[in-house]
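The structure that follows is given in the form of structure tokens.
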Amino acid sequence: MINLAVDLGGLKMKNPVTTASGTFGFGPEYAPYVDLNRLGAITVKGTTLEPRKGNATPRIAETPAGILNCIGLQNPGVDEFIAKSLPYLRKYDTPVIVNIAGNSTDDYAEITRRLTAADGVSALEVNISCPNVKQGGMVFGTNCAAASEVIRVVRQNTTLPVIAKLSPNVTDITEIACGVADAGADALALINTLLGMKIDIKARKPVLGNIMGGLSGPAIRPVAVRIVWQVAQAVKLPILGMGGITTAEDALEFILAGATAIAVGTANFVNPRATMDVLDGIERYMRDNGVKDVGELVGAAWQ
Amino acid sequence: MPYSGIAEVVVNKKVGPEHFLMRVLVPELTKEAKPGQFVHVRCHGEMDPLLRRPLSLHGIDYEHGTISLLYQVVGRGTRLLAEMPTGAEVDIMGPLGRGFTIPEKAQNVFVIGGGIGVAPLFPLVQALKHYKIEQTILLGARSADWVIGTGQLASLGVKVEAATDDGSLGYKGFVTDLVGKRIKVIKPDYFFACGPNPMLKALLEVTRKSGLDGQVSLEERMGCGVGACLACVCKTVASSELLVASGNGKTVDSGEWRVGSGTEKTVREFEYKKVCSDGPVFGAGEVIFDD
Amino acid sequence: MINLAVDLGGLKMKNPVTTASGTFGFGPEYAPYVDLNRLGAITVKGTTLEPRKGNATPRIAETPAGILNCIGLQNPGVDEFIAKSLPYLRKYDTPVIVNIAGNSTDDYAEITRRLTAADGVSALEVNISCPNVKQGGMVFGTNCAAASEVIRVVRQNTTLPVIAKLSPNVTDITEIACGVADAGADALALINTLLGMKIDIKARKPVLGNIMGGLSGPAIRPVAVRIVWQVAQAVKLPILGMGGITTAEDALEFILAGATAIAVGTANFVNPRATMDVLDGIERYMRDNGVKDVGELVGAAWQ
Amino acid sequence: MPYSGIAEVVVNKKVGPEHFLMRVLVPELTKEAKPGQFVHVRCHGEMDPLLRRPLSLHGIDYEHGTISLLYQVVGRGTRLLAEMPTGAEVDIMGPLGRGFTIPEKAQNVFVIGGGIGVAPLFPLVQALKHYKIEQTILLGARSADWVIGTGQLASLGVKVEAATDDGSLGYKGFVTDLVGKRIKVIKPDYFFACGPNPMLKALLEVTRKSGLDGQVSLEERMGCGVGACLACVCKTVASSELLVASGNGKTVDSGEWRVGSGTEKTVREFEYKKVCSDGPVFGAGEVIFDD
């Protein structure tokens, strides 16, 4: 028998495959294509205390082997999420990771309390790395003290596993990883998008409504694998790896680099069954290579 | 439930200056397809270009299990599609989105297409014909060559009028101007339209002025196509609110702007809706175009 | 008449198109495909004081719309460059930009003196951003004080235009850009490669001989355009933009974002005539759009 | 001067379990082509996969201006190549690199190929035949199916011997072992070889032990293909140096390691040479394989 189950900082997942926040909606959108019960966890769209409209359009642009997005955390707010989305998600036997963002540490504290009190939330992924919002977002994630402070506040207000989602747009990500580890994070999510932009040469202005956006998809995978590799060796926390994963082979690169679990993001848009294909492929690789427990592969490329 | 998987290209041929018609054998998808819905197509198997391309259902052949797509080559994705030979496999998802709904009261309608916006109107025209609803089709394009499908429409026995920028076919000018003129004569009770956003914006000014209600099919850049990524939003009147024309000088019949059972309230914020899953077809009273 | 000539911090180029260091050898390699006289400048492979062997193989790996390289500054050393390559390059009516790297500020000082004394060098591009060498390289480029110090030393030892080539692997590139501007740089080259890696899932170890490598090619273009956009608005120096340029449309994105000149790198490997195609395309765009002087386009997307 | 541009695919057909033969019409390239050189091919027009793929000249038809490529589908690039229909345009650069040189003294040679390494040997075999040099061709592969081109070689009237891992054709075992055995019998005075690096490494142990000189064609991952990027380097004996076998227990006839007019000196560092422009063919005495 093959064991695919993993423990991501206290979050028990039946397999290492989850969805990247913002690329899988709140669950029902991909239900026609994916058996949600087979996912290791469902990570939902970034949620804030208050409802948010998000940024102006265009919100997406295609780039070589990637996309830029500037959605800007459009979401119905935490209360509507609890009232409308959680009941749907509770029908599934799959843990729910809620990705949270805020403008201030007070926001993070309050949303943490509300979600901790709600029924059906399994872990919090703390987004301190969104490149697409003016307030909060990436500024927390590129400053070590601010990042640690947010995590400390979330930690103090919850008993749920806390996953800190870090920005790759920094000089030394291991420093921030160490900071949030000390502040009480149970796991790290690596990576959020790279800051990028595209210019429309006909109009002679930026393509995206918000000028800059976050670069995701296969294009960024080499950067993401490098960051997982570096952080896994510097910090003892388990890692949720993501960034351009489209196939099981890609996912295995992250696991071998040191990720305990992985998330499929942009690839869902290209192949709505990408999560299932990745899961099946990991299982096949393990069978073909006589790997009994997926844990044996975690960090195997440097251990 | 929408289909997602491989389908066979049965026909893929040039039908206009930059236009191709692709017929695809995909019975699972066809059987649920409705006029105004779209499919999300992968143009090849590699990682660049990465995203799928949304294309409207241009033909739905329930009997043979095929759909057809009418597309214009504008960039890399559509160019790759145009290169697919007969027998090729194409990765396709659909049917997606909410299509046209034909209101009970409609008796005499305008079907308006701008440019490649004509693509989704064909199955609609067939449905209208099936329900024996009188229809006038008004198509706009830059010149005669670029008006696609008039022959096919004429063979259905429906009235087709064209407007071209250069006057090489039909009315010389914008199709929206033609609509303005013909509304007065034909006095339709409803309209359906598809075309580029600037055309639809101009069209809504015309139809609102005439108090004509209808439905429009919008375009927006898409990621997922299924409502998950929030990339494809358009501005709509906030639910249960009444939008009163604001400072830009337009006065509109407030009745036209009512959505659902909305009661008259103060002006409030717009609401973003998703073109891919709340649309692509929206009520004409619902959409807000930025200036 | 269309004017394509630009002034890159004192370096007069007959058009804005040059080659990215390390992707065009020392000139003769692409001479069968490119009329070297038509280039705005030729930027040669990174040169060090002493000859260097570079890193172990494999030195290149393909990634989605990009490549990773870990050449590691293999080069024959500055003296052999002066003796063997400069005489060849002097035959052309095209300025030569020499890309220099060193392990210490003393190295930078000495190589600067030797190249300044040599006949046929038009400008120095100071590489403080190579991700592929242990000593020197990127550590200079990610630390503002160190970066400024290198530029100061080069500045003190030469009368040639000094172009500082910066690393994108930093939290705030405008800070470093300001630092090197104050230290006396005449222009900025943006960007060097992103740090990335790839893992061979069969062997369960990194693909590259040097583990990590520099990511280049179309994949990184959105990041490079964003950096040029940010720096152009923060610093008054002219910018040599690069990162994934393969076509004239790509080059125009950089120019509209604020680059005075641009360099074609990885694209040379895909299309050996890429520099010429880019140049022709820029000219065509100017003609089609009634642009008389390429300078009108510089930064036009935000000005 | 090497050609770089578009060429027409004249034939592209399956010729082995994973092997394809592509003939390309490209007179400008053909006229300068020599055995052992290669071309650098773009597999499609998009940005992923990005790099060109190096493929040896497997056939050079000076008369018709075509070259042929024999390639094994191992990854995405070769898969895309295999999908190209007759009449397709392929973007090709070449001829590149330094090919085989037939030494004056060679009278009776071994031509050794491992796996797809057989590809560049065909034009060489024809040249050797043209110069009336006696030759024995030794091909290694995993099994009978995987030995490509024996028929074609036999039709040239040259001796072909095979070695297969499973013994399904010819000698059961590695081609390097077969070479070891046949050297003693046939006593060749020179050899040419192409195959995967581990095979070449084993081969050089055999030939060095027997004092047989020759040339080997190497493979390394490439970027530019023209000597500009320094990606494709291989270790060679540093110029005008003599490599004395170091601590790993092998003793070699020092004469075998001499390069050019090298004089005997102390052990020094290796030198990196570029497979794309200094090679892909190197003197057997020149290359150093890491352990």
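A, B, C and D label the chains in the order they appear, each numbered from 1.
Definition applied: a residue touches a chain if its C-beta (ideal position, glycine included) is under 8 Å from a C-beta of that chain, and two chains touch if they have at least 3 such contacts.
These numbers come from a predicted model, not from an experiment.
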If you apply the touch rule, which chains end up adjacent to both chain A and chain B? C, D
Taking each chain's centre as its mean C-alpha position, how far apart are chain A and chain C in Å? 34
Using CA atom averages as chain centres, what separation in Å is found between chain A and chain D? 47
Roughly how many whole angstrom separate the Cα centroids of chain B and chain D? 58
In chain C, the residues touching two or more other chains are 64-66, 217-218
Two or more other chains are touched by the chain B residues 47-49
Work through the pairs of chains, note which ones touch, and then classify the graph as line, ring, star, complete or other. complete
In the complex, go through chain B and note every residue touching chain A. 1-2, 4, 42, 47-52, 91, 93, 220-234, 269, 272, 277
Of chain C, residues touching chain D in the complex: 22-25, 29-30, 32-33, 45, 53-54, 57-62, 64-67, 69, 71, 74, 217-218, 246, 266, 268-273
Residue set of chain D touching chain A in the complex reads 47-48
Residues of chain A touching chain C in their complex? 63-66, 68, 142, 169-172, 194-199, 201, 204-206, 212-213, 215, 217-223, 225-226, 229, 244, 249, 252-253, 256-257, 285, 297, 300-301
Enumerate the contact residues on chain D facing chain B in the complex. 44, 46-49, 76, 80, 85
